[in-house]
Every structure is written in structure tokens, then in C-alpha cells.
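In what follows, subunit A forms one complex with subunit B and a second complex with subunit C.
== the complex of A and B ==
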């Protein structure tokens, strides 16, 4: 029963979601929206679970003075400060501009996030250096294509027209062909995975084969 | 002195000459304007001819809250006096009742979909199975003329969306292929699947972590538990966790979604149980970090630099964080295996990790790892479906080239 019931639930819900796509009736639409609401409700309850997990892990690290416990302490303080300023002083208006909650979010969190994102530029440079080393024929083709694509942003005088033609060719012919093949494979793969799950062939996601 | 007097007398003459000329010019121009206005008024003074043959019918393939109205264009729309500006569609629940405006259609348009809301509380609610009458008003410049009232029509929902028939056919064909090969596999037919370097490296990667005495870091991506890439990652995690349990290594799984965390905990717990080592399972190694993208990156990168995992798995849904994670892992000296169905992140993973599962390979990985005939059967079914799609693509290209519209219409999907 412990094995059969979850599979039956997954199969039932899976087949319902499949057939409702083809039935435009209002009742089916309502059921679909209801199912989506349920995922949101479960998500909200799961957030409490996540909060418990995070707090538990951080507190354990701080208590044991594990390596980098100071970061855990900062994370814990940050977590509880945000909960406090979000709920206690003006819990109804905390998402309005000018409140302490929004000030911390805008002037501390967003700049930190932007700094993290800006690292991407440097990481792209280092990854590109590795990827574009012309060690094999394929890597050389990649390198040449990348140079052509990058040059489109630079004025090259009379060569610009030729470069633009090559850029258009690369993007609309080999690149687009590869992208379409990728999407086709992903579409079929996703359908196959859904079918395997609905038929109970694939049960790894439930923690058992 | 004499000179000055002559000049003054000339100046005095100017108004006598200019004023009559201006008056004459004004009379001529007003006469012209009056003539033009008369011609214009002659055209506009008449309302445009009314639209004819107004028909209302239930909108097909909908949820039962919409009626489609069609009409024959006014004789003055694009022809005749050519003074139709727009059409107003009016609705009433009785042919003699008060008609209310439901919407506008520009000149030249002869169809209007009267789409109502499905909520009864909504002012725009259009009840199903209730008869409505329509008429269409051709609007000119301030003048209009109404069509005859249409026959009654009511909205009703349909049990099947005919515009999605090609999708039904494709799903049935694909499922048939998959089921045929699953049956063949069950009967013991050996199925060959092309080896994937990324999958074959899994054992080696786990073995390396065991030898080094360092943990394995498994990242399920930023996707939620209902995404197919995340589900595929769970199935791979199940098999990886079983091997980790066999080798008695540690696996760390920081999650960015609490539901993903709960499922991952259950998956790994069951894998340890199946390996006969439930005591070695540590729930605290699978934890929630944060749902914010770059905060998650910061957290995971910190783990990579502190714990120095021997192997990193990035399998699931990834966005801009893919390279930030993979480059840090590369700097930390870990073996890295990645896989995602996000096309924009594939180049980053290819550049920064040792092995990459591209798109559908991610979905196929669990079948490769499990080597179960039934799972391999679905892979074969996929391959055959791809062959059919390729043939259809070639035929479609030929049909488009030679304008065989009938063949192309077979694939048209209406959403």
C-alpha cells in the first residue's frame, strides 16, 4: 500500500493534467486552477520546513564552532532581523518604500546581489579562455565563430558588411539548427519522462526504484 | 518738406488698395471653402450602409463564455462612400430589448468575439446556455446605421479542443512507440543505447571522492519540484545516493526550495535504506539554503571553498548562476558533472565542467544509470519518435517549398 498509493495518486493526477489540456470545459479549468492553488499552499507550508532546516543547520554550526561558523551567525542574525522588522513594527506596511524592512532590502541586499551577479563577467572571461583554446578542430571552429560574433559590435569599415553576413549565417543556420534539435530532444525527453512517471516505471523521485 | 508730404500721401493710399483686395480674397476663399464643405457634407451627411447577414454562434473550443459574431461588411466599407470608421457590436437578451455595446471592430473587420468572464460576480459575466441577440452598427463620422438583429445564439463549453488534434496524435504516436519498446524490453530483447561520457564518469567521480575522503556536492538547481528537469535530477540523485551509500561517502545537498529539500531527503533516505546502510544517512546534509538566486550562489560557493568537495553534480534547472557555481567548483579542483535543459546555460557548463549532459541526456541519465530494460525501452521509443519527426520535417520542408498547404495544415496547432 505504501508503494502503490503514491504511484496511483501520481498516475491519476498526471493523467488528469494531460487530458485537461485537451478539454476546454470550465469545470476542468477550475480543477486545474485548484490544483495550481494547492501547489502554492503546499509551497507556503514547505517554507516553514525550510526555515526550520536552515535554522537548525546554522545553529548546529554555531554551537559546534564548525569551520566558518561566523558566516552562519551572520546568516542567523540576518534571518531574524528581517523577520522582526518585517512583522513587528508595521507588519501591514512593511513592503512599502521607506520602511526599515524595505531599506535593508534595497540598500543592503540588492547591492550584495548585484555584486554577486557582476562576478559573472569575470567568470565568463576565465571560462571563455578555457573553452576557446584551439586544441582540437571543434575548439578551433568554436574560437573562429566566437571571434566573428564578437566582432559584430566593432566598426570594421568596409568589412562590417561581410562580417554581418557571416554573423547572420552563423546565428540563423548552424546555431538555429542546433537549437531546434535541442528543443526537439528536450520536448520528447520531457514527454518520455512524464510517461515513465505516470506509468510508474520511473520511481526514483519517490526515493525508491 | 515737400518730399515728405508726397511720401505721406502714398502711405495713405495703401489701406484703400489693400483692404478691398483682402476683402475680395476673403470672399473668394470662403466661397471655395463653402463649396468644399458642401461637397464633404454631401458625402458625410449620409450614414454608411448597414452591415448585413449578421450571424452569432458559439465560439468553438472554449470554456462556454464566448459568442462569435460575423457579418457582411457595409457597402460603404472600402467602397461606395467609403465612410465606415468602425463597427460596434451590440448585444441584448431579447430581440426588442435594449442593446448594449460589447465591443468595437475596425473598418474592414467582419468578426468579433464577445468574450465574457466566467465568474458570476464579474460585470462582464457571460452566462452559458442563455440566448443572446446581436446587431452590428456601422459607424461613420457621427452618423451610424444598424444591421438587422441576428438570430439567437448561446455560449457552451466543448468537451474536446479540435485545434489540438495534432498534439493528441503526436502524444498517442509517441506513447505507442514507447510502449512497444517497453514490451520488447520486458520480453528480454537487448537494446543498445549510445554510451554517454557524463554518465560513465559518475562511478569514477564517486570513487574519487571516496579515495580522497571528501564529500560529494549535489546541486538540484533552482527549479521547483514540479519541473521536469528537477524530477529527472531526483531520479539521478536516487542512483547516485545508492552508490554513495555503497562507497560510504558523504553527500551534501544544499537546496533552494523547501519542497525540493523534502523530496531530496526522502530520496536519499530511501537509497541508503536500499543499500542496507540506513544508519549512515544524515538528514542534516540535505538542507534548505535560500530561495534567492545569488544568495544561493554565495552559500554554495562558500560550501565549495570550505568543504572542498571532490565531486560536484549540477543536475536540474539552472539560470545565470550556472557559471558562477561551475567556475568556483573548477577553481576548487573538483570533478564536475553537469546537466540541464536550459539551452542558454549549456555553453557555460560545457566550458566550466568536465562532463555535461545536454538537454534530453539529463532525462535519459536515470535509465543509463539503472540499466533497466524497461527504462531503456522508453529511450528507444524516444529515438524512433525522433526519426518520425525528422521525416516529417523533411516532408514539411518539401511541402512548404512546393506550397502543399494541405500537408502543412495537418501540423497546425490552435491554442
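== the complex of A and C ==
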């Protein structure tokens, strides 16, 4: 029963969601909206569970003074400070521009994230210098393509038009062919996995049996 | 170590130093970068430009501050263009760090143009699980968002009176720094046939060309360059002005240009060193 019931529920709901897509009946529409409501409610439980799990993990780390416990403490303080300043006045008022909640977002969070991401420029420059070596034919093709794409950002006078034509060609022919193959693979993989879950072949979502 | 071997194995700190200096110097002494406007960015601009006052455009803002340098200018330029044309805006956010980004854009631009919340624009707010939220919005905006971001029930907002779902918006522009775009393509366009355009970061741009060719998206604004192209068109159209400091991506383009020149030079140095040292052996 512990195995059969979840598989039956998943198969039933899965096949219903599949069938309703192709049959435009009002009853199906109502059931579909009902299913969407349910998914959102289940999602909220997942968020609450995630919050509990994160807090529990961080508190344990701080209590045991495990390696890097200071970071966990900062994360905990950040979490509760944001919840506090967001909820105490009245949560919907605190979301407006110019409140303490939004000031923390604008003057602490935005600069931190922007600074973190801007470091990527340095790493990418260093990685490009090391990785783009014309060691083999394929590496040379990659190198030439990368330089052509990068050159589109550089004013080259009359050569810019030729470069732009080459950029368009690279993006809309070889790149698109590769990406399309990739997306088709992803689509087929997702369909196969969904079918395996609905038919009870793939049971990873149930955890350990 | 020979000279050519040194060219091949420069200490990474030199690369960091040169990049840092170039960024700072270009930020101080800037210059104009000529732009080629791509058809995919132009088609988004032309579409928005063709909207008539009172029509509704939806913008899905799904990005965090980490990519704001590339995507924030798009949000500002499109919002300014819409408000200047009296086009109504419906905004939502499906990224956990994005609600503040939307609020920043909408609060500032609405004030510039004297637009009223609930009448000229509605900000639905944030909901987790983008796939489910988009599917639900396709049925009725009120399923995932019974209230707007500020806590007002949607039914009491004048702009929402005759609006049910994606059928009531002329198009959706998704500005995204992550996988949220795929949900918009799969569900908003795939399931509900909503007209969709996207604005994405530079590294994501190449991923979405197949959707452009298949017609699933009608336009694509790619990275900071795409944002600068949009700003260029919006400036020509008279929607934004350099004097009011409204061309952020265009202002950052010289930095991106010089940084790319330096990266190309480093690649050339590395390859010259590689070939010369190989020849010597």
C-alpha cells in the first residue's frame, strides 16, 4: 500500500494533466484550475519545510562551532532581520520603495550581489587567456568563433558590417543547429522521464523504499 | 623560461590588474561606441512602438541584482517607452530576488510620468514556482495573484476590471537572468499562445535563437549590447534622453568594448607565445 498508493496518485494525476491538454471541456478546465491551486498549496509547504531545514542546519552549525560557523551566523541574522523588518510595520507597506526593508535591499543586497558578479569579468578574462589556444582544429574553430563574436562589440569601421554578417551567421546557423539538437534532446528526455514517473518505473520521488 | 613561454604563462594577477585598470580608465574617460541594431532587438522596439494608448503590455521581470547591469536598462527603457505612449503595464516577478528590482523601476518611472498604480499600471508581485504561476496566470491572473504587490485586491483595481488572462494583453516581454524564460516560452507561448519577446543576459542570448526562428518569440534583446540597441532606438524615438541620464547600457558599452579588446589581446599574446615556443622546440 505504501508503494502502490503514491504510484496510483502520480499516474492518475499525471495522465489527467496529459489528457486535459488535448480535450477542451469545461469540466477539465475546472479540474485543471483546481490542480493548479493544489500545486501552489503544496509548494508553500515545501517552502516552509525548506526554511525549517535551513534554520535547523545553520543553528546546529553555530551551536557546534563547526568550520565556517560564522558564515552561518551571518546568514541566520540576515534571514531574521529581513523577516523582522519586512513583517513588523505591516508587510505590504514594507515592500514599497523607500522603506527600511527596501533600503536594506537597495543599499546592502544589490551592491553585494553586483560586486560578486562583477568579479566574473576578471575570471573570464583569465580563463579566456588560458583556454583559447589553437592547439587542435576544433580548438581553433572555437577560438576564431569567440573572437568574431567578441569583435562585434568593437568599432571596426567599414569592417563592422562584415563582422556583423559573420556574427549573425554563427548565431543563426551553427549555433542554432547545435542548440536545437540540445533542446530536442532535453524535450525528449523530459518526456521519457515523465512517462517513466507516471508508469511507476522511476520512483526516486518517493525517497528510499 | 624563455620570452615566448612567459607570454604563454602570464601570472593571472597581471590579467586582473590590466582588466581593472582598463575598466576604471574607460569609466572615467568614456567615448561613443557606434552600434549596429540587430533585427531581433528592433522587432521588440517596433512592436512596443506600434501599441496604441490604453493597450496593455505585460512585463515579466525575472532577475536578481547580479545581472542588473545588463537587464535593468531594458526594464527602464521599455517602461519609459510604454508610459510615454500611455500604454498600460502589467508587471509580475517570478524570481525570488526580483520584486525589489521591479519596485525600483516602476516607482521611479511612474513618478517621472505621473502614472497611477491600478489605473496606468499594475504590479502583481512575486510568486514562487514560475511554471505553475505562468500556467495559473494563463487561466486567470487572480489564481496566483488575488491581490497586487501592495495588497490591493485585483478586482478593485480599475485597470484589471476587464482583464482575465494572457488573452487580454497585447504581448508579454520577459526580462530574465535565468531559466525563467523557458517557462514563459513553454507555457505562456506554448500552452496559451501568448505573443512573447524576451530580454536576456549576454551569455544566455545564443540559447534562444532557435525559438526566434521558430516564431515562438518575436524578439530578443541580448545582454548589455541589446539593451544599448534598445536605448539607441528609444532615444531616436524621443522616449529617453541622454541629458536626463537615461541611457545606462549605452554608457556602459565603452567599458565592455575596451574590456573585450584587452581580452582579445591577451588571447593573441597567449597564442603567439604558444606557436613561437612550439616552433623553437
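FYI, the second predicted complex is superposed on the first by the 194 of 209 C-alpha atoms of A that agree within 3 Å, B and C clash if a C-alpha of one lies under 4 Å from a C-alpha of the other, contacts with A are read in each partner's own complex, and residues count from 1 in each chain.
In this text, a contact is a pair of C-beta atoms (placed from the backbone, for glycine too) under 8 Å apart; a residue touches a chain by one contact, two chains touch by 3 or more.
This one's a predicted model, so the numbers in the text were calculated from it and none came from an experiment.
Once chain A of one complex is fitted onto chain A of the other, the partner contacts of A:183 extend to both subunit B and subunit C.
Applying the stated contact rule after C-alpha superposition, one finds that A:65 touches neither subunit B nor subunit C. Using the contact criterion defined above for the overlaid structures, shared-chain residue A:192 touches subunit B, although it does not reach subunit C. Contacts of A:32 after superposition: subunit C is touched, whereas subunit B is not reached.
Once chain A of one complex is fitted onto chain A of the other, the partner contacts of A:150 are limited to subunit C, with no touch recorded for subunit B. When the two complexes are overlaid on their common chain A, residue A:96 makes contact with subunit C while staying clear of subunit B. Touch criterion met: A:128 reaches subunit B and subunit C at once.
Within the superposed three-chain model, A:110 lies in touch with subunit C and out of touch with subunit B [touch as defined at top]. Legend: residue contacts after superposition of the two complexes on their common chain; A:172 is shown touching subunit C, with no touch to subunit B.
Residues 21, 29, 39, 43, 47, 113, 116-117, 124, 126, 128, 130, 179, 183 of subunit A touch subunit B in one complex and subunit C in the other.
The part of subunit A that touches subunit C in the complex is made up of residues 21, 29, 32-33, 36-37, 39-40, 43, 47, 92, 95-98, 102, 105-106, 109-110, 113-114, 116-118, 121-122, 124-126, 128-130, 132-135, 143, 146-147, 150-155, 160-161, 164, 168, 171-172, 175-176, 179-180, 183.
For subunit B in complex with subunit A, the touching residues are 61-65, 118, 128, 157-161, 164, 167-168, 171, 174-175, 178, 182, 224, 226, 228, 231-232, 234-239, 255, 257-259, 261-263, 266-271, 274, 284, 287-295, 297-298, 302, 306, 320, 323-324, 326-327, 341, 343, 346-348, 350-352, 358-360, 362-364, 366, 370, 372, 374-375, 378-379, 381-382, 385-386, 389. Considering their complex, residues 10, 12, 15-16, 19-20, 23, 33-34, 36, 38, 64-69, 97, 99-100, 103-104, 107-108, 125, 127-129, 132-133, 135-136, 139-140, 143-144, 149-151, 191, 205-207, 209-210, 213, 225, 253, 256-257, 259-264, 266-267, 269-271, 274-275 of subunit C touch subunit A.
Interface of subunit A with subunit B (complex): residues 18, 21-27, 29, 39, 42-43, 46-51, 53-54, 56-57, 60, 67-68, 71, 112-113, 116-117, 119-120, 123-124, 126-128, 130-131, 179, 182-186, 188-197, 201-202, 204-209.
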